[in-house]
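Below is a structure I'd like to ask you about.
A, B, C, D, E, F, G, H, I, J, K and L label the chains in the order they appear, each numbered from 1.
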Amino acid sequence: MSNHHTYKKVEMVGSSTTSIEDAINNALAECNKTLKNMDWFEVTETRGHIVDGAVGHFQVTLKIGFKIENS
Amino acid sequence: MSNHHTYKKVEMVGSSTTSIEDAINNALAECNKTLKNMDWFEVTETRGHIVDGAVGHFQVTLKIGFKIENS
Amino acid sequence: MSNHHTYKKVEMVGSSTTSIEDAINNALAECNKTLKNMDWFEVTETRGHIVDGAVGHFQVTLKIGFKIENS
Amino acid sequence: MSNHHTYKKVEMVGSSTTSIEDAINNALAECNKTLKNMDWFEVTETRGHIVDGAVGHFQVTLKIGFKIENS
Amino acid sequence: MSNHHTYKKVEMVGSSTTSIEDAINNALAECNKTLKNMDWFEVTETRGHIVDGAVGHFQVTLKIGFKIENS
Amino acid sequence: MSNHHTYKKVEMVGSSTTSIEDAINNALAECNKTLKNMDWFEVTETRGHIVDGAVGHFQVTLKIGFKIENS
Amino acid sequence: MSNHHTYKKVEMVGSSTTSIEDAINNALAECNKTLKNMDWFEVTETRGHIVDGAVGHFQVTLKIGFKIENS
Amino acid sequence: MSNHHTYKKVEMVGSSTTSIEDAINNALAECNKTLKNMDWFEVTETRGHIVDGAVGHFQVTLKIGFKIENS
Amino acid sequence: MSNHHTYKKVEMVGSSTTSIEDAINNALAECNKTLKNMDWFEVTETRGHIVDGAVGHFQVTLKIGFKIENS
Amino acid sequence: MSNHHTYKKVEMVGSSTTSIEDAINNALAECNKTLKNMDWFEVTETRGHIVDGAVGHFQVTLKIGFKIENS
Amino acid sequence: MSNHHTYKKVEMVGSSTTSIEDAINNALAECNKTLKNMDWFEVTETRGHIVDGAVGHFQVTLKIGFKIENS
Amino acid sequence: MSNHHTYKKVEMVGSSTTSIEDAINNALAECNKTLKNMDWFEVTETRGHIVDGAVGHFQVTLKIGFKIENS
């Protein structure tokens, strides 16, 4: 058995009308449809667009790390 | 009609006793009194002061982009 | 009486299963057991680990500034 | 006469369908309607949106420095 | 219908013998063969190699954001 | 009465033939003519031009934060 | 024949119990199973976890650039 | 005798009503009460608060490196 | 039992005449005398001094994260 | 024959009244008078001064890498 | 006559027992022995070593820009 | 005798087929042919090119500081 693993990071932007945490979970839920072994995330940018003078959507950029199968 | 627009960014600090999202919306609400056409925001700093060993206020610095009228 | 003060910053990582704000307050609560005069905090990193395709814990790195006693 | 001057920087986003240089000049032309004494610019971000698989608009963020009148 | 979307960013390096803008469009054209819904790009690095004391190729690194289908 | 405030930051460049501290105070003095409630500053760049092989002017870029009236 | 090429960068994390160089080569070996034309790498982060007060694994984040086939 | 040493860095904020240099020395003097073997410092931030339109205090953040005893 | 933990990061500089990895392990060994629960490290700077035109010591700055007891 | 080479980087600022690309080539042409083996460049800053409300000169800072002779 | 100029930047570290400004001027004075046409400087790092618990020398890293002769 | 010194930093890229440490020493050995008084180095970038799916050369960018003679 190998004594090391390799991980890949992908960069996603999740959005939400309600909160930063919800935007993160929305991105994770989307990735969870196709990625296995998601392990950690890192927020790299928090922004959003504005509608009628208030937050329309929070847009959170995050890197998601997952283990390569059989690595 | 012009095929391009010009935007300006201003840098604001919103605060809130309850959440980061609320601090962002407080800054937007304040700017909405005088700025038209607010389009997007970018969070550049998240900090706060501490009262009795807990968060007193969240202080969120954000840049707000808005379209210049008639640009 | 001195006309200036000296502060120290320590770097902590708080975690929470529910929110970024809660992770910050958890770190402050832990530090409050041993540090006096905590004055402000600065968020330097937001990340987390993923469990079953969703956020397991938010992990928020923050610097906490406090006044040195009698400085 | 004073032996020093004070400058202000404002942050603008110019856009153009054709080039980065044109986006910069579009932002300057817009500011020139209201600002006097524009002296220098610094590009801080270059991005754009994509239409039909090609650049739709270049969007260039720049800081513009100008001298405060009578400073 | 969902009230939010998820985007992915990929990092590409386009090159051109003539201009920075052309290098960007070359990268977009290449991605357009396999990616749908390309929405925006962000330039993160501009460099090139030198041939006979002049620019041989401009090499522009850019992140390209595109909407995840059905997200 | 509101339990939160909103601040704006403006970016200025002060100059001085004698010192960095003096360049900061020159920028503050100039802003003080038109801004109320200036609260803090952050130095973001220190540079200068050179005359006859010595410092001609120190040029200090600083962000100045001030409270929005009635926020 | 085209006079330019397009490259893609992917971000990987390699690990090793013995050295930083070995962690880099482990990540490359894993990618080599599925990627052709790997051309260069850039180290963006070096970290690791600690076991019994010593390095357990070095974890090296790197971006790997490879040429797009037929670009 | 060991052929290597280990150092620790602590992050302090010194303040002064008069100068940046004085703020640095005030932080060093405070640390000198409890730290031995202070060896070097690195300025990481220069800011201050404003009183009556002028600098009230310079606040300088610095990292101080000192050798661990017997390392 | 709490469902979250708090960590502290300290910043150390390890040195070695032979390798970067050795400098990291030297810093960890030194901290291991007084810190429990060391969990991870992050390299933030790699430098060294030069003796007779070759590396005298590698000096590696790293942040070490450890769990606060009973947090 | 050595199996490795050593390169040096120098930092130049090229200028042009017409374009960013031209400013880069102007800097390269100037360096080409005295440097051999110029291999690659990296743009680190793009700015310019403003004349009559439009770009006077583009000023592009670039690092130029060249192989040391016989290294 | 050419309508553009080329500049070179060199990176120096000046030191002084008394002030940051003096360290800058010391570096300029040293360069002035061999460089013509020094035009501007940019401070990139401020640090120093500590003697007996106080600043021994301020060490200021600066980039100095000068015009290439006949460029 | 002067109570201060001036240093210059040059930026080099060393390479090696075997290790990061070796790439650093190769750059120092090359500079040692022409530079006196080399004092310290700072690693600013670690990268390499890939041959047959493995590291071909490590390429390490470093700044080398050396004292100006008689400064």
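In the analysis below, contacts are C-beta pairs under 8 Å (C-beta built on N, C-alpha and C of every residue); 3 or more make two chains touch, one makes a residue touch a chain.
The structure presented is a predicted model; accordingly, all values stated were derived computationally and were not measured.
Asker: Copy of I-L's interface among A-G, B-F or F-H, judged by over half the contact pairs being the same?
Answerer: Matching more than half of the contact pairs of I-L: F-H.
Asker: Cα centroid separation between chain E and chain J, in whole Å?
Answerer: 23
Asker: Please tell me the distance, in whole Å, between the geometric centres of chain F and chain J computed from their C-alpha atoms.
Answerer: 33
Asker: Find the geometric centre of each of chain D and chain K from their Cα atoms only, then give the gap between the two centres in Å, rounded to an integer.
Answerer: Here chain D and chain K have centroids separated by 29 Å.
Asker: Show the residues in chain H shared as contacts by 2 or more other chains, in ascending order.
Answerer: 10-11, 19-20, 31
Asker: If I apply the definition of touch given earlier, which pairs of chains qualify?
Answerer: A-B, A-C, A-E, A-G, B-C, B-D, B-F, C-H, C-I, D-E, D-F, D-J, E-G, E-J, F-H, F-K, G-I, G-L, H-I, H-K, I-L, J-K, J-L, K-L
Asker: For the complex, give me every residue of chain J touching chain E.
Answerer: 19-21, 24-25, 28-29, 31-32, 38-43, 64
Asker: Spell out the residues on chain A that touch chain G in their complex, using ranges where they run on.
Answerer: Listed in rising order, the residues are 3-11, 63, 65, 68, 71.
Asker: Flag every residue of chain H that touches chain C in the complex, lowest number first.
Answerer: Residue positions touching the partner: 10-17, 23, 26-27, 30-31, 57, 61.
Asker: Which positions of chain L touch chain G when the two form their complex?
Answerer: 18-20, 45-50, 53-55, 58
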